[in-house]
C-alpha cells in the first residue's frame, strides 16, 4: 500500500494505492492522524487504485470520518471506489456514512 | 463553440469546447456575465477542448479577469491550455495576467 | 480443461502474522479461480479468509507466535476453507453481537465487522474451538452460471 | 508530390459577416497546409486572417453588408493572403498605438490586439486604403525545415 497526500486550499486529497489490510492499515491511519493533528478535516480519498480493503481499512476510514465530522468541522468523502471495494463497504453499511463521488473534480469541488 | 458551467462550492468550472472567434465570443461573454451577476468570481476555465481562440476570445477572458479580481474577490485561472492557444496568449501578454494549471484538480483545489 | 471441473485439495501453513495476509489471500484467491468462481466471488472468498486470519492473529494468538494452517477443498460444488490454529484463546461466536450496519455515524462501533462480513461474504461460517486450537470453516457454493 | 512544391493561387469571396470566419479560416488553413507550413504556422496564418477579417467586418463595414474577397498565393517561398473589401471606412494603420502587452491587468486596454497579433503572427502586414475599398496583405515565409 502506498498513500499520497496532496493539500489543496479547502481540502486534502488522499490517494491510496494497493492493498489495505491489517498489515498496512496502521500506515493509512497515521496519514489521517497527521492530517487531523494539522487541522485538516476536509478529506477526499481517491480509492481508484485500491486493489483490496479489509475491515481493518474500513475501521481507519470510520475513525477518520468521526474525527472530521466532529463539531461539523469537516468530512471524509470517497472518490472512485472500485466495484469490489464498494460492495464490501455496502455490506458494512459504510455507504450511508461516506459521501461518494465518481469523479475527483466533483469531490474536490464539494469542499 | 460550446460552453459548460459546473458550479462547485468555492469556484466555478467553465469548460469551453470548439472555436472562439468574433462570432462565438459574445456567447462566452454571456456565460461570464451571468456568473459575475450571481457573485461567482472564482473561475477555472478548462481550455483543453479549445480548438481556436482569436483576440475576440482574449478580450472576453480579460474583461472577466478584471471583474473577478476587482476588490480581490476572485480570479479567473486557465487550465489545460493547448499549445497553439497558449502561444497566442503569450504573444498577447496574457500569460502574465492569468494563472495557469496543467491539471484540473490543481485548478479547482487552488480556490 | 473444464474450468471448475477438477476436484482438488490444497494445504499450506503460515506464521500467524499480518504481513502474511497478502500471501494468504493470493493462495485462496488462486484456489477460488481454479474452482471457477467469478471475480466477485473470488474477492469475497479472499476477504472472508483475510478477516478470519486477522481475527486469529489478533484475538486468538494475541501477539504470541504460532501458525495458521489453511486447507482449501473444492468438491465441484462448494469451496471449503478450513483454518486451523494452535492458539491459546478462543471465544463463543454465538455471543458476539451483530454490528448495527444501519446505525448513524455517532452510534457506529469502531470494529466488530470481521465476523459479520465473513458471514455475509460466505454461505457458511463454522467455528469449532478446542483447547488444542481452534478451527474455522468457511464455505462458499458456486453461483449458477448465467 | 513534393509538399509545398506546387505554386498556386486561390481566390474566394465571403459576405462580411462573423459567421463566415470559420469557413475563411478553413480556406486559408487548407492553403497553408498545401503550401507545406507546419501546424503551428497554419494556426498563425488562420489567426492573422481571422483578425484581419474581423477588423474589416467590425471597423470597415461597420454593420453594412458587403464582401471580403480573399486571394491566397503560394510562390514556393512565401504565402501571400490578400484581403479586398469595398467598405466605406478606412484608417491609418501607422497611427494605431501598439498595445502594451507587458502592462499589468489594471492598465490593460480591452481590445487593440488584432493588428498587433497579425504583425506578430505574420512576416509582413501591409494595408492599402482607397476610396473604392481597402486591401490588406499578409505574408508569411516558409520556415526552414529542421
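A, B, C and D are the chain letters, set down in written order, and residue numbers restart from 1 in every chain.
Heads up, the rule we're going with is that a contact is a pair of C-beta atoms (placed from the backbone, for glycine too) under 8 Å apart; a residue touches a chain by one contact, two chains touch by 3 or more.
Values in this document were obtained by computation on a predicted structure and should not be read as measured data.
Trainee: Give the chains in contact with both chain B and chain C, ordered by label.
Mentor: A
Trainee: Specify the chain most distant from chain D by Cα centroid.
Mentor: C
Trainee: Taking each chain's centre as the mean position of its Cα atoms, how many Å separate chain A from chain B?
Mentor: Going by mean C-alpha positions, chain A sits 32 Å from chain B.
Trainee: Take the average of all CA coordinates in chain C, do the same for chain D, and state the distance between these two points in whole angstrom.
Mentor: For chain C versus chain D, the centre distance works out to 74 Å.
Trainee: Need the CA-centroid distance for the pair chain A / chain C, whole Å please.
Mentor: Averaging C-alpha atoms per chain gives centres 25 Å apart.
Trainee: Of all the residues in chain B, which ones touch at least 2 other chains?
Mentor: none
Trainee: Counting only residues that touch at least 2 other chains, which ones in chain D make the list?
Mentor: Counting only residues that touch two or more other chains, chain D contributes none.
Trainee: Output every touching chain pair, sorted by label.
Mentor: A-B, A-C, B-D
Trainee: Okay, in this complex, where on chain D does chain B touch?
Mentor: Touching chain B from chain D are residues 18-19, 21-22, 25, 39-40, 43, 46-47, 50-51, 54, 57-58, 99-105, 108, 110-111, 113-114, 116-117, 120-121.
Trainee: Which chain A residues qualify as touching chain C in the complex?
Mentor: That would be residues 19, 21-23, 52, 54-56, 58-59, 62-63, 65-66, 69, 83-84, 87-88, 91-93, 96-97 of chain A.
Trainee: Within their complex, state which residues of chain B touch chain A.
Mentor: 6, 8-11, 13, 104-106, 108-111
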